[in-house]
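Two complexes, one shared chain (chain A), two partners (chain B, chain C).
After this line comes the complex of A and B, so read on.
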């Protein structure tokens, strides 16, 4: 498979900050939440960004690729249609499950790191890939709990997923930080174990510390510690892209610009 | 390569584990073996809080009318009515409002009054 395009520094496009995203300097690419878009009538702002030549990458949250059931091809088809409508070079979703036992968790739940879960995930990812027009990248999630009887570390699990499916990786450094805080995993070990040559891009997001738990809210400022994990990643590989996710409690344009600048400084190795 | 039968067997085993976890987290099911109970509690509260926040955004009028009662009522509704796979968040918000009306926590003639007001 060919290499991944250089993306630069980007931000998650959301309807609430559409004008901000349009006028911010230094936005090299954006992500859209695939489930919130319809290929037939894209938001004007997304069309404008495309006309400017800004890459738009659909990011899905509902495929439930780590779920026990075969992946829902209707959802895959929708993701593919959005990808074609925005001329995307790549799409993504998460290594997680959303639905099980007839219930919807409303969230990206971690999968057990067992051989069974990996075999099912691989089968689902391959089925999705066969039905998508562009390559698929998969993202590590933030977990508040740990499944018992894990047979592989998270890094080993993702490395084998890549080896068996040829998928790309979307590494969320805020999720690595959250997992380090909440379930005691080691971000450096994770970065040592994953195939960094398959890194598509990186997510950065803010969160809030509730004492015993760190919540990856996407609604607070990015912590210096999260930029620290990004720096750790950048010491190993130059990421093709890094994207800031902000989903709620939107700050001023200036604050968003300064978070993007801080990310760029880490990527270019020029942080203060 | 893993053959199809092996994947099917793996799917069945995984389905059971994932269903058990979601029932514990969303529908007051028994705690699955091997999990840290305190962590299950943290996850349960996080999922409930996320769902409550979405319903508040989708139905601000209902949340405003309930005021301080919104949170305890929503939490009671949520555990009785875990979200079904394939359902939409808007349906959840509508079902919660309906549940409140049935429980006498919201006036039941909202729609009629609204139509009456609009026709003038």
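After this line comes the complex of A and C, so read on.
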């Protein structure tokens, strides 16, 4: 798997928990939200982590690669600059669109799983790749709706995306769980269909039930069911890395450490 | 809540000891220190303090409850201390310390106290020739002593403070403040706080003329050494005897 290093277990670095991330034992790598960083003015905490040899991976949320509009190369350039500033081995964004018709959705919108939409996505991804200094990984999103007339399953869609662009996959098992709960998809089928040899790393996050809908909030504890999906993935492949995402309502350091330990237990349990 | 091994007398909480050591500012620092120690608040590298739980759970005192309420959304480290120092809970804390006989109403030192002493001395000299003037000597000595001021701490309060030791990092804050030192180690380092964050706690200049130890005067010392007002006492890492004379650390907050 040339180009993708073993990452271990990590956590999303956020300024609110910077000291926590620095102190937590067993953090092998971190992810930063690329849009929140400036290459010329990296946060002291990120610099410190880099000096310790902790890999820092920029994660973007605004490239809108699944959109029908031209890719904003300024955003791609910014992502590349951040990647170079932190010495990242790769960058990532989502299989989604966030803008259309001059409006910003404020949410990661799922892409229609049609061949036409795939062609657009592939073209955008290739353009982004040509303008990035490091490999690009793309993440499956949590969807609250499915566009009509889909021609491919999500797994098939991503498999063809990988085949045509040579991108890497960032699999969010919490999103798989959310989709299973909300739109009835099958995480196991997804895992069967995607090229796991192109797995870059894995996201794990918490969420909460609101009536019949599961919200992937990144602000609640990780459910055992989400760890169950991670376990399912680990039964198929040893992921190069697994990262906990927490974006709000941060629990105590001890609780965060406990969630990381639970993730590590799933990964090493399968490995052992 | 950790209580110091004082051996005898009332068992004081670190927050109470902090108040004795340097007034409401120090008590506020101590409350924040315990919340950090227990993982109930989080401090970020840019100095923002936020409560870990939004329902205020874990608070052991009224001051801590007030702090947790304040930091439900992020607040700057120094501002947390400053605000808590002026909280109404501080009045209750002081009232408690007074009721325990550890504090009393202080009197500020008058700038003219020595004038009365000089007059008393003159009358004493003249009293050798005219013994009736010795009555005036006694009078002016008493006036001078009154104008000399009075420390906010009672003898019992000073003894409590002298017995206290910085045996854990919360007590280290109580006795020396985040900006102080214990055995050469900055107290802020015991909490792994960046120096830039600790420095957001404002140090106010000691009002040399006052012996009001209730915290209105805060010295510019870094380790509770000077700034003990008219008492002129000193502090050590083993137990402050900064007898209420202005004290140190603790971002303000008059009593």
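Please note the rule applied: the second predicted complex is superposed on the first by the 267 of 272 C-alpha atoms of A that agree within 3 Å, B and C clash if a C-alpha of one lies under 4 Å from a C-alpha of the other, contacts with A are read in each partner's own complex, and residues count from 1 in each chain.
Assume a contact is a pair of C-beta atoms (placed from the backbone, for glycine too) under 8 Å apart; a residue touches a chain by one contact, two chains touch by 3 or more.
Treat the numbers as computed from the prediction; the structure is a model and nothing was measured.
Student: Going by the touch definition up top, name the partner, chain B or chain C, that contacts more of chain A.
Tutor: Touching more residues of chain A than the other partner does is B.
Student: Between chain B and chain C, whom does A:69 touch in the aligned arrangement: first, second, both, or neither?
Tutor: first
Student: First (chain B), second (chain C), both or neither: which does A:122 touch?
Tutor: Only chain B; A:122 stays clear of chain C.
Student: Considering only touches as defined above, state whether A:102 meets chain B (first), chain C (second), both or neither.
Tutor: first
Student: Show me the chain A residues, by the header's touch rule, that chain B contacts in one structure and chain C contacts in the other.
Tutor: None.
Student: Taking the touch rule as given, give the residues of chain A at its contact with chain C in the complex, in rising order.
Tutor: Chain A residues touching chain C: 15-20, 22-23, 43-45, 249-254.
Student: Applying the document's contact rule, which stretches of chain B touch chain A when the two form their complex?
Tutor: Listed in rising order, the residues are 2, 6-7, 10-15, 17-23, 25-27, 33-36, 39-40, 42-43, 46-47, 50-51, 54, 82-87, 89.
Student: Show me the residue ranges of chain A that touch chain B in the complex, using the header's touch definition.
Tutor: Residue list for chain A touching chain B: 67-70, 97, 99-107, 109, 111-112, 115-117, 119-120, 122-123, 144-149, 183, 212-213, 215.
Student: Flag every residue of chain C that touches chain A in the complex, lowest number first.
Tutor: On the chain C side, the touching residues are 39-40, 42-46, 48, 50, 52, 54, 74, 192, 194.
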